[in-house]
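Supplied in structure tokens, the structure appears directly below.
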Amino acid sequence: MYDLIIKNGNVITSGVKGIADLGIKGGKIVALGDLSGGRADLVMDADDLLVLPGAIDAHVHFHLYVGNGLYSADDFYTGGKSAVLGGVTTVIDFVHPVHGEDPFEAHEKRLKEAEGCPVDYAMFYCINERSGPLMDAVPELISRGIAAFKVYTTYKPAGIYLDDGGVFRLFKLCGKHNGLVSVHAENDAIIETGIEEAISKGELSPVYHAKTRPPVVESEAVRRLMFLAKNGGAPVHILHVSSKEGLQQIRMAKAHGAHVTGETCPHYLLLGEEKLEGADGCLYTMTPPLRHKEDNDTLWEGLRDGTLDFVTTDHCPFMKSDKEKNKNDFTKIPKGIGGVGTLLPLLYSEGVRKGRISLERMVELLCENPAKHYGIFPEKGCLLPGADADIVLLDPNGKWIVTPESTGSRCDYSVYDGMELAGKIRKVLRRGRVISNEGKFLKSDEPGNFIKRKTA
Amino acid sequence: MYDLIIKNGNVITSGVKGIADLGIKGGKIVALGDLSGGRADLVMDADDLLVLPGAIDAHVHFHLYVGNGLYSADDFYTGGKSAVLGGVTTVIDFVHPVHGEDPFEAHEKRLKEAEGCPVDYAMFYCINERSGPLMDAVPELISRGIAAFKVYTTYKPAGIYLDDGGVFRLFKLCGKHNGLVSVHAENDAIIETGIEEAISKGELSPVYHAKTRPPVVESEAVRRLMFLAKNGGAPVHILHVSSKEGLQQIRMAKAHGAHVTGETCPHYLLLGEEKLEGADGCLYTMTPPLRHKEDNDTLWEGLRDGTLDFVTTDHCPFMKSDKEKNKNDFTKIPKGIGGVGTLLPLLYSEGVRKGRISLERMVELLCENPAKHYGIFPEKGCLLPGADADIVLLDPNGKWIVTPESTGSRCDYSVYDGMELAGKIRKVLRRGRVISNEGKFLKSDEPGNFIKRKTA
Amino acid sequence: MYDLIIKNGNVITSGVKGIADLGIKGGKIVALGDLSGGRADLVMDADDLLVLPGAIDAHVHFHLYVGNGLYSADDFYTGGKSAVLGGVTTVIDFVHPVHGEDPFEAHEKRLKEAEGCPVDYAMFYCINERSGPLMDAVPELISRGIAAFKVYTTYKPAGIYLDDGGVFRLFKLCGKHNGLVSVHAENDAIIETGIEEAISKGELSPVYHAKTRPPVVESEAVRRLMFLAKNGGAPVHILHVSSKEGLQQIRMAKAHGAHVTGETCPHYLLLGEEKLEGADGCLYTMTPPLRHKEDNDTLWEGLRDGTLDFVTTDHCPFMKSDKEKNKNDFTKIPKGIGGVGTLLPLLYSEGVRKGRISLERMVELLCENPAKHYGIFPEKGCLLPGADADIVLLDPNGKWIVTPESTGSRCDYSVYDGMELAGKIRKVLRRGRVISNEGKFLKSDEPGNFIKRKTA
Amino acid sequence: MYDLIIKNGNVITSGVKGIADLGIKGGKIVALGDLSGGRADLVMDADDLLVLPGAIDAHVHFHLYVGNGLYSADDFYTGGKSAVLGGVTTVIDFVHPVHGEDPFEAHEKRLKEAEGCPVDYAMFYCINERSGPLMDAVPELISRGIAAFKVYTTYKPAGIYLDDGGVFRLFKLCGKHNGLVSVHAENDAIIETGIEEAISKGELSPVYHAKTRPPVVESEAVRRLMFLAKNGGAPVHILHVSSKEGLQQIRMAKAHGAHVTGETCPHYLLLGEEKLEGADGCLYTMTPPLRHKEDNDTLWEGLRDGTLDFVTTDHCPFMKSDKEKNKNDFTKIPKGIGGVGTLLPLLYSEGVRKGRISLERMVELLCENPAKHYGIFPEKGCLLPGADADIVLLDPNGKWIVTPESTGSRCDYSVYDGMELAGKIRKVLRRGRVISNEGKFLKSDEPGNFIKRKTA
């Protein structure tokens, strides 16, 4: 006796695709296959639909304080709602301790903020001091189920920069205590030197955000971080790879057996630097910046050949007015764009349907791989018995025209506004319950949980 | 309503492990998971047992004619029986056309010989002429479902040698027509030069079989074949890797993105050249020859780190008397040993139980990977709905002492005779029917089928 | 008291260039620099002239028997005369033993043939049997001063092919006895397969000579030979590199520390496959064949970046009538062209004067490097005290229009006929004596000597 | 008519060795070879002696201000005197501009300080600001003959640190204006993190100087700097390589065609970390620190195989009392040791005579290579006509026991004190004049000159 049977879907999971039923009980998938003899409280017909594991957006910034009273546009509720509508059932957000704050209190405080999030969430933990209580807390934070430690090699003024001394110490600690590290890799000093030069020349329009962060800024840092990780004895994950040069470093390192993984984001796959040159260039600012057509193509190739392991969004939108306040001074525009609500639809329409990646590969990139990497598999990332019943029913014959409103985000613009995408999400289930139906978000009385990383 | 439910097994498939039921209907697995509500004609309890996909031995030589009236000791019936008892439910054997024979008739004739084999079988096709009807038949043979073309870069006297001209042409044809090539890679001229020297010095005892085929013979050929494959535009599979040097070539090629796969055999993992120095050294002769402890260890490492993709046996036993007839002249001893019946038991006992590989990795190596490579997945190689119900029930608490008789082979000796192995195969099912029970072979009235490679 | 002082020349040697006098006594250079106070029997003024070490053509075939009563067009006298006129004062030719011939008698016989050669000569020794007296003679031949052993990996019908077994044995012997090996590297079986196909299709015009020897034929063999050399423990020299792909293999091997050197020839630097498509295509046939513009450019780059170590000519001309006899059947055209007389003039005019290489690099490529490699430095290859007084006086302000006659060769055509070259050779001295003056060959009563390789 | 003839010496220059005379006029070598007919004001007999080009110590710190009123122990006079006695006839020292100082005045001031130095000197120029007048002065400083720009990637408190932003800008400028950069490569943040930790644990004895600068500190920085150089389009020279790991990075980069050169120092070749553990550990402190036997051996190998291009001393001694003032707190001990006076004697005795390098290679490492790299060849670095007559007469049959006094340095200790070295310097000439005779310094009325780099 199941709680629910989803019948006759075209189920894609674990590299296999085929018509099958899903049997669900207690929020879990408990059976897969021909369940025609089985009974259930509820039977849902998935004829003609693709049945996918709920996607994981392993890189989002909900309710992120960026100084001067400004927060990213989505909090955990609106961000989670956007996730749901886009077929994302798990996100990974961040704990950002303030200097001097107790590391565990910072963690608890952030978990508090996340309460009520409509989807499950894991947490990165940002390390921003090379020694002291924060670094000392690393082993205990691993035990508490932190997904990974996050390191920024840039953003000194924001107080989140960590120098190589701290990074190397962190790698050694994680090597010893089985922790993970995910890095935002850009060479800070080269950027700062470039920005000083731009300021001195009055080159402040949005495109100079890209010009002052040329690809070498990324490739050098990626290369260095991988080297320090190897010497420290820990694996390393490279966040939001944006350039051909950065990708090439990862490819070479993997070819030589490094324990490294990498991700990119839809905007690095689909958009280019020319967006920054328009009148609304400020709306396209994020870090790393947009690159060029050749980078887009190379990143798709990296998704196909295994150089990159997952796709995330780095979801960090700001209201149009916040972006436009200093639209002609790139140094003052808050960096980041939204995306959690368009991750799966874009990958399906622009990736699978345009022949750039297979459907099975999309499921690996959005579900299986991030789940395995961050230690939440097989509860997340697949539809095999034992998995949480986080499920997306996608209609390959439908279509969706992106609008800011339809993404569910609070942000009042989307860089994909007006795009017509092949495929439409019909239903999304989280732990066996329907939380989105035909583009309508269904508020659940059972909000998302904090998901701890299993360290094996 | 299922034909059969196997309840509560510890199912390992597709990288996941967990307690689950298997629902079987029409010889297929149709459901996986909690099927407690489902009805079935028959319910089998698998409490405490490991439930694995039937293993694939992707390299066997049943009923192989080696000249002088001599055949390998097992025909398709006894070989298949041995396979069953060892948990192997699919084998890949060979079509060896004689010079001048019609390529398609040779194929048909071989399929005829295979009839009655108790397990399913796919077929390699050996190409031994660099031009002419055989080479011309390549595209059509691909359409007929050949698993892969087999190439020998040595064995000139046996009439199966193919020179680089033929090999390169074959790679180009397979690149164009989506065919596969699996190669026995040894440098013929270096071997022949060494054998001539050994003969002239009277160095004929079995150990000189190894001395005249030093690792460079393998590593050079592996390296060359991979280079020709790359230039010809086709993937290549390296059969029976025996040495550290050979493995290293594959590792480097993979690190640089080559489309190459590799296999090794249990004897290269477990036995060493010193066996050839004993009084019964002749019983340990096969090609490539046994190597050293360092090679054993490196090959296990290759299985762990992904350099090698599957394990096969190159099963090709000869009766003791045939081996011993010219026991002091290695040039005349028929080369080859048995193994199909001990493949899975050895990998489980010596690999999994000794901590060298995980249980999940063993299933990849013996089931999933060869099935995917040779285009017979997911019918073979997994236990997901849609797969053939080829299943092994393995008791981790049992044990098995290897004897020639208990392997089911007709061959009257085993190089593993007397070894005590952890784990015991309780039952083996093929397409939903029990064909082995507690070490007893159960003859089925539905023998094995020829399995075609899917090229899509 | 010197025999001769050459005053005020612009001397280029050992990477240095500057105005200096050369003091010569007993056929040797004994002093370099300001010798204004020194006395001499004869003083020669070199004002405005470049003073270079005599060039070494480390790859010529004088009086080569190619079967059917045919010899290459130049014997040691006419070939040597052409060398002299082109500023080449040392050549390296070949001993080609016939199967069954005593190895040392073959050597003596060839030295006899070389007597009277106007320039000094060293000798390669071709090994064409994988075992037997020839292979056994290797250590003694090294002692007798053989420059290097020559190996052909193709040309089976000509009886000079050596298989990998012989090659590997030779590398091991040379590794042990400090011998050198120079290889003609092409994959025989791929060529033969291609030629069979060409014949079957009637594709016999000269351009099919190139089509049946695509670059992979070279790159595979180069790669394999370097691998066998490394495993055999000997250095290896790659003769006449013709293609980008072949060059790339050497570049990678050098980058990984291999003991490998390489050469190319002027025709691979300056001419392309399109020459084979003309009415006189037969006149442009040699092995390996001409390639394309991209190969030309890559080979110049290889000369600059050190991938290639010297330039030779593979001088092996045939009379026009011999080339044209079967002009429409590439399999029957004798392969080879002349070049010893144009080596230095072409490198100077097309290399140095067109800015592709520096003058100092040209002297390395034509003098210092081959002398050092083949153990005849510093007697040959430089103008430092102790060197043989083999000297070229080159007028940078002169020019030369190539004609077959002016090259001094007996051959009645030149692929460079009509080319106007910057620079003109004024005088050539061998061991202190003028043997060419203003393009006129001066017969000496002291002909060339056999030069032994020093192995210390 | 020469000023001086040095007769019958065993001259080693430009890779060649042989008995020859040297003819000298106007401070220059004007002739080389058999000058027996030449006349000279003075004839010096060099029978049985090795005649070498004067060595170049391309890395010395004379009169270096290190703060707190402290200077390195040698000024240009005593340092130069020590150089002379050790056979060094050219040194390269540093301009260290103070923040805010006019770049050209700093240069002039330093040249003033160098006046009276008994040997010739070139100058590095230290860049310690990422933008501003100093960076702007780079092109002009190149024109004024600066040998190379020196970059420190550590030593923040000393005011000489340059961050990656400045380094990258400098590489781009030097790529454009044909400048050179030589780097002290250590990862500053990892060092500082380690020192903080050592201080917090009270680990202050001299050996912790080494422990807080593990090899990864060097290898990471070397790797990064080479990457930035390549991306900036400039060559880079790695100063004082101390570790196997650092060397390995250079080897790999060279293998992939990077424009990089490297040097090491005698103390990294001969001494080990255990010296820091003794009671007088403070006397062995320099940066990078001493390593281990395996590093010593690997560095010798690097000298042989071409990974390293020259040997220098980083001569920077301090008086014993200055070293011992804070002997138990490594953070306060002034770093550096002497060495200019023992460079050539150590290389000859421990390198050549112990069979680690050939005599010809020693001359390349100490003379030819640094001269070529820093644009002062062939005036310096060889004994060919046109070179300055800077000459060392070394007696291979003599020996020398090192004492602080006999090195000529003002420093009151030597880490080589008491070592008995094979070989003795008999005479040293600078520009044709004897400035040292049998270990006695002869003050000349013609002191050393500033030597400009030639950029053509």
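By letter and in written order, the chains are A, B, C and D; residue numbering begins at 1 in each of them.
Quick note on the criterion: contacts are C-beta pairs under 8 Å (C-beta built on N, C-alpha and C of every residue); 3 or more make two chains touch, one makes a residue touch a chain.
The structure presented is a predicted model; accordingly, all values stated were derived computationally and were not measured.
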Chains contacting each of chain B and chain C, listed by label: none
Distance from the mean Cα position of chain D to that of chain A, given in whole angstrom: 52
Chain C-chain D separation of Cα centroids, rounded to whole Å: 42
Chain centre separation in whole Å, for chain D relative to chain B (CA means): 62
Per-residue multi-chain contacts in chain D, two or more chains: none
Chains touching one another, given as label pairs in label order: A-B, A-D, B-C, C-D
Residues of chain C touching chain B in the complex: 130-131, 163-166, 168-169, 187-194, 196-197, 216, 219-220, 223-224, 227-228, 231
In the complex, chain B residues that touch chain A: 1-2, 14-16, 18, 20-21, 23, 25, 29-35, 37-39, 255-257, 305, 378, 382, 384-386
